[in-house]
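The structure that follows is given in the form of structure tokens.
To keep things simple, chains are lettered A, B and C as they appear, and every chain counts its residues starting from 1.
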Amino acid sequence: MKNITKALFLAVIGAGLIAPVQAEEVHMIMCGGEIREADQAVISAFESKHSGVTVNAEAVPWGTCQDKSMTLAAAGDPVGLAYMGSRTLKQLARSGLIIPVDISDEQQGMYQPGILNTVTDGGKTWGFPHAFSTKALFINCGLVEEAGMACVAPKTWAGMYNMAKAINDNTSAAGVGLAAKDFDNTMHQFLNYLYSNGGSVSNADTGEITFNSPETVETLEFVGKLAGVAQEGPSGYERSQLTQLYNDGQIGMYINGPWGAGQHNDNIAEIVVPIPAGPSGESGTLLITDSIAVFKGSANEDLAMELASMLSSGEAQYDLDMSWGLTPIMQYEKMMDDVYYTTDYWKVFVDPIGSGGPEPMFEDFKALQAGINSAIQGIILGEGSAADLVAEAAETLAEGL
Amino acid sequence: MDKYTFLQKIGIYSSLALFILFMLLPFVEMFIASLRPLTHLFSRPDVPVGETMTFMDFMSRFYSDKMSFQAYRDMWVTVPQLPRYIFNSVFLSTAVTFFSMCFIVPAAYAYARFDFRGKTTSLTLFLAVNMFSGAVLLIPLYKLLRVYGLLNTYWAMIIPGVAFLIPTGIWLLKSFLEKIPYELEEAAFVDGASRLYTLRRVILPLAVPGLIVVGVAMFIGAYAQQFLFAITFNQDRDYMPLPAGIFEFIGYQDVLWNEMMAASLVGILPVLLIFLFMQKHLIAGLTSGAVKE
Amino acid sequence: MSNLIQMLKPKTKSQTTTLFAWALIAPAALVMFWIVVWPLYETFRLSFTNSNLGTLMGGAEYIGWENYEKAIGGRKFPSIVTRTFYWMFLSVGLKIVLGLIGASLLASNIRARGVFRALVMPPWIVPIAIGCFGWLWLYNGHFGLISNFIEMVGITDGPFSFLAYKQSAFYSAVVTDVWIGTPMVTLFFLAAIQGVPRDLYEAAYVDGASRWYRFRRITLPQIMPTIVSMALLSAIWTFNSFEIIWILTEGGPRGGTTTLIIDTFKTAIFSYKFGAGATRAVLVVLILGVFSLIYLTVLDKLNKRYGYSGVQK
């Protein structure tokens, strides 16, 4: 019995060592459960351009895909290119696992303001921006009117709080949906408020942490106040669960991205408004990008770079943004006449781009997330003053920069 | 002595019912969740403002006219590799059990019967392995498996599984083997049998209950810990066991909870059946610990 | 006591015996060496480096005791350790008690015993991950069964998310851990109870002893070896229990359910800080080792005083 085991064992090792000679292959990982049609079209075009080259495009669910790309690269088996959240770029760059990309000046000029900040570190660009989102506030008019108020956009935090309180007191629903679970979108939600209050996390040029500021403390206090008119137990919810609550008519409003309209039930009459402004700033929003990174030392680095560039340039990118329903990543109106984002709905997501802030680029982005989320949970669970929590978070962030 | 009063009977049955309710509660809930369409999955009983939830409201969560077995049909489409995952789970557990037993049985026999140099030390060392979970050793194991080119194969999940089950198996089987009276072996020796022959023809048949118990325990252990090794050492979808495959129900925007629950329940069915079939032997094996003279 | 099991061991220390014994053990030992010992050594070695994402395959620098200083001196370390021990004692204690209750119930002379016994097993058989998903569902504040139930009964007047608050998250995790561990403990206790010779009970019954008395003075002492060994095994597994906490809370609101193993995983795998993670792993092994040593020593002392045989004589 054991002899058979040994033989099998040796056979497996032997098979692993004999590398089969194949046609050139470019291995690509796409985060998200599927490969978008627009991307697939580019891939096919690429394959016909380079005969003998096949693209192995693998779709991996978000829960595991970033880790997968990163561990493969760390173990010396990198894929050619991967489409992932831009927040991973700094760590990959600093660890020497990806190579800087060259984006033509012309294309650089096309991007919406602030986009390039999300992929730049140390003066170099590390990924091709490939998907973009901004956020806005979705409000359930049915609940607002039931609470006895007019369904108009609240312009300030005070207005938003009053509307939420009215809903909370006069209907069986909670006023606002607040996410506080240790998830990335909890941090994102907070940053939306922060950027609408003139706050910031770090200074991209100097690398200094600017998180510990009066604006941030104000923002955190506001979040604490919101918890009083939010659904019960915010620490147990992240954004997709808030969507469920919203659909069930249990919360009056919450922050979501442009895909929100598609997620909400048809029977909910809603309006979409810009994030209300805090006392110390203007209405802003959070700019998040996903980008395509090219890994160092993969089998066909040049081909991977070329494919990455093709996937994210001009027309191809437009097709993707439009078909997927994303906030336009470039100012396409400079390039073509008939763009898809001229409706009122889209205005809410496109207009604030100029005054929005980026998702901060941190090497240890888990520390960024942990620090901010800890502060949020702290104020909700009543474990300290806003000032103390912000200071504590700033310390954690400083370690992760 | 074995007769109970009526009151005692009620006490026993009701305590047992509570105990079993506790054990089965999550499965009941999972089953109900799997019957609901996605849109109704996350609703709580409707309680108007200012009122409290009534019993009828509470019961409404168990039944809705939209219930159906649709999820059980859809799940095969959403995750087309589901049958493969179920097969993989059973296959991996069986493989791990088989290989573990190959290593465990001789070792347990040695510890049960002989006194030899380095016995206590090695036994304690084996037990010490139990002291850390696989989670602690993941990184070096990853490197090791990579060097041997075993990543992304069935072996990637079998080998760590075997390694971590062996110590427990040796300990368990040892205590069973110790209960087999030595006189039987002595009688065989007197008749001129070799050690190996004794092991095969005399001890093994008597050890069958113990072997079954340990085998089942190993199988269940293997089945339970597949998840960690699978997600760390294996990226190939074809080899994924069920718990890892369940994660595929988590899509980009939504989690298809009802199908996920349905898939979980269906997925564990084979193992439950195997267990139901074996449980008589299992209990018999455990309770036959006292070998009567 | 002719029913007591005689355990005889050959006292032969002859060379052939030793050789033969080691030949039998060798395969198992080799597998362990290959899969466990080397990674253990490597973990130990890594704990002294600053290995991270970029240096996984080589190039990490040795930084001496720095990782250890940072880990042990960290603000949160004492509370994590305390929490881990509290978690372990509470969970194991509950498992033992429930296991005894369950085993006694299942050992009693009732109808359809086999069915009941089978019904108690599922939490053990089912993959931990899947069982945890079920509990995740149950603990939800909005649509979870438990939250809805206590609201209806009037204990609360609104939804209650068990996993959103530090205290309730911790105890919820304990409940799930107990749920997973109880069937196996019950099974083993049941076997032990059934191994107690019947004449002991009969003698006591004839003398007029009550059920409770029989349980306390006969059953418990007789199955004490099983209780003791299950307790130690269970303690070790509970200490290292990872999946349950991870799936339910990932360490809990503000670290409320972060035990040592969760902290280790978060550092090593989640944050890609392999060196620092290895340090914590080593600390886990050390702490558990010390604990086991204390446990076994205390056991030995008790053994000598009261004659409970937790270890084979």
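Keep in mind that, in the parts below, a contact is a pair of C-beta atoms (placed from the backbone, for glycine too) under 8 Å apart; a residue touches a chain by one contact, two chains touch by 3 or more.
All values derive from a computational prediction rather than experimental measurement.
With contact taken as defined at the outset, chain A and chain C are each touched by B.
Relative to chain B, the chain whose mean Cα position lies farthest away is A.
More C-beta pairs in contact connect the chains of B-C than those of the other pair, out of B-C and A-B.
Note on chain placement: the centre of chain A and the centre of chain B lie 38 Å apart, centres being C-alpha means. Work out the mean CA point of chain B and of chain C, and you get 15 Å between them. Within chain A, contacts with two or more other chains are made by residues 2, 75-76, 241, 244-245, 248, 250. In chain C, the residues that touch at least two other chains are 27, 56-57, 142, 159, 269. Of all residues in chain B, those that touch two or more other chains are 42-44, 102, 143. Residues of chain B that touch chain A in their complex: 39, 42-44, 46-49, 99, 102, 142-143, 146, 148-150, 153, 155, 231, 235, 247-248, 250-255.
Residue ranges of chain C in contact with chain A, taken from their complex: 27, 52-57, 140-142, 158-166, 250-251, 253-255, 269-272. Residues 2, 67, 70, 74-76, 91-92, 94-97, 180-182, 231-237, 241, 244-245, 248, 250, 364, 366-367, 374, 377-378, 381, 383 of chain A are the ones touching chain C in the complex.
Remark: chain B residues 1-2, 4, 9, 12-13, 15-16, 19-20, 22-27, 29-30, 33, 41-45, 52-55, 57-58, 61, 89, 102-104, 106-107, 109-111, 113-119, 122, 126, 128-133, 135-141, 143-144, 159-160, 162-164, 166-168, 170, 178-179, 181-183, 195, 220, 223-228, 242-243, 246, 257, 260-261, 264, 267-268, 271-272, 275-276, 279-280, 282-283, 286-287, 289-293 touch chain C in the complex. By the touch rule above, chain C contacts chain B in their complex via residues 2-3, 5-13, 17-18, 20-22, 24-25, 27-29, 31-32, 34-36, 38-40, 42-43, 46, 56-57, 98, 101-102, 105-106, 108-110, 114, 116-131, 133-135, 137-138, 142-143, 145, 148-149, 151-152, 154, 157, 159, 179, 182-183, 187-188, 190-192, 194-195, 197, 201-202, 205, 233, 236-237, 240-243, 261, 264-265, 268-269, 274, 277-278, 281, 284-285, 288-289, 292, 312.
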